[in-house]
Amino acid sequence: MSIAAINARNQFRGRIKEIIHGPVVSEVDVETPAGIITAVITTRSIKDLELGLGSEVLALVKATEVSIAKL
Amino acid sequence: MSIAAINARNQFRGRIKEIIHGPVVSEVDVETPAGIITAVITTRSIKDLELGLGSEVLALVKATEVSIAKL
Amino acid sequence: MSIAAINARNQFRGRIKEIIHGPVVSEVDVETPAGIITAVITTRSIKDLELGLGSEVLALVKATEVSIAKL
Amino acid sequence: MSIAAINARNQFRGRIKEIIHGPVVSEVDVETPAGIITAVITTRSIKDLELGLGSEVLALVKATEVSIAKL
Amino acid sequence: MSIAAINARNQFRGRIKEIIHGPVVSEVDVETPAGIITAVITTRSIKDLELGLGSEVLALVKATEVSIAKL
Amino acid sequence: MSIAAINARNQFRGRIKEIIHGPVVSEVDVETPAGIITAVITTRSIKDLELGLGSEVLALVKATEVSIAKL
C-alpha cells in the first residue's frame, strides 16, 4: 500500500546518518538540509522498514507537537 | 527566569511569518533556513509570549514525537 | 512524492464519516473496522489533502503516544 | 481511586499479547478486535500496574496525537 | 466501565477553574496543589464527560511527553 | 543562546532526584512542590545538558499533551 500524502505539516527529507539501537526504542539521526533531525522510534519499526545508514527517509512532525520559545 | 538549555533535540530558529488566530489554539508559521515550520499552540501562550509577525523564535520538537517514513 | 512505508506502528484504514471545521484545527472522524477513530489536525491540512466525507484515509498513531489503563 | 471516564476519544479494549522489556521503556502489544495496538510505556509503569501476558487493558490515544494520511 | 489504574506516571488531581470553549478543541484549566494545569482537549469530550466549573478531575501526562530544561 | 520564555503552559520547577539510564532513552524523576514528575528523554540529551542528581531543572508539558479523566 502506497501513501499519497500525509497531514503532518512539517516534513524533512534526508538520509539516515546514525542509528543507536536499544532493546525497545532506537534513535535515528537524519541528515537534512535543515541539519540533523533526531527521532526515537520502536526498534521493531527499524526492522520492519529495513532502515539502515544511508536510507532515504522523511522525518515528520505533527504541528500540535511543536513548541515555541521566544528568544 | 531564563532557561539555559532545553533537551528538545530538534530546534529550528526563525521568524514568525504568519499567525492564524483561533479562540483556543492558534497556528504559528515560522520561517527557518529549513523551510516553514508550523506549530499549533494555545492562543493564550501567544498573548503571554507577546508573539507577533517577525518575532524571533525557536521551534522545538521532542525526538519521541518525530515519525520516520521510508521513501 | 509517494511514501512507501511509515514507522507508525498503529494504522487504521477507513473512510471519513464526519468533519467538524474550526478556524485553526478540525476534528476528523474516521470509520474503521475498529470503530470510529477521531483525529484533530490543522484545518490547513484538510484543505491541502482535499479531505472530505467518504475520503479513504489511514489514521496513524506513534507507539509512544499510546497510554495503557488496567481494567 | 477509580477513574469514571477519560477524555481520550480513542479507546481500544484488549488483552496483552506480548511485552518487550527494556531498562527504561517497554513495548506492550495489545490484541484488540481492531488488530494489534502497540504502546511504549515506562518499564516502571508495567511494574506499578502489574501488567503481564493476558492482562485486560485499555489502549488510549488522544485525538491530537492521531495523524491522517490520504490513500 | 471503570478504569482501575492508568500508566500515565504524572497525575494531578484538582478542580476545573476555567473552560475556554472552541468549536473543535477547548482549554480546560485545572486548579491543583501544584498550581494551574492547562489541558487542550476536544470540545466533544467536554460534553461527553459533562465537564464544568468545579468538576473534580485528574490531569494526566505521559512521561514521554515531558521535556526537561536546565536552569 | 538563552531562551527568554517558552509556550509550554505547564512548567514545574524542581531538582533531579533519580535518573534511570538506558541506551537510547532515560527516565528522569524531578522532585517538585507538586510531587515527583517523570520525564523520558534521550540519553544523549542528558549528556548534552550535563544533567545529574540535584540538577535544577524545569519539567515542561504542552497543553495539547494533557489528558483529563473525570473522578
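Per-chain residue numbering starts at 1, and chain names A, B, C, D, E and F are given in the order in which the chains are listed.
Operating definition for what follows: contacts are C-beta pairs under 8 Å (C-beta built on N, C-alpha and C of every residue); 3 or more make two chains touch, one makes a residue touch a chain.
Given the structure is predicted, the values throughout are model-derived calculations rather than measurements.
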{"item": "From the options A-C, E-F or B-C, the pair that copies C-E, where over half of the contact pairs coincide", "value": "B-C"}
{"item": "Which of E-F and B-E has more C-beta pairs touching across its chains", "value": "E-F"}
{"item": "Inter-chain centre distance, subunit A versus subunit B - centres from mean C-alpha coordinates, in Å", "value": "18"}
{"item": "Averaged-CA centre spacing for the pair subunit F and subunit D, given as whole angstrom", "value": "22"}
{"item": "Residues within subunit F bordering two or more other chains", "value": "3-9, 22-23, 25, 27, 38, 40-42, 44-45, 49, 58, 60, 62-65, 67-71"}
{"item": "Subunit E residues touching subunit F - in the complex, by the definition given at the top", "value": "3, 6, 8-10, 12-13, 27-28, 30, 32-35, 37-41, 45, 49-51, 55-71"}
{"item": "Residues of subunit B defined as touching subunit E within the complex", "value": "1, 3-8, 22-25, 42, 44, 60, 62, 64"}
{"item": "Parts of subunit B lying in touch with subunit C, wherever the complex brings them together", "value": "20-23, 25-27, 38, 40, 64-65, 67-71"}
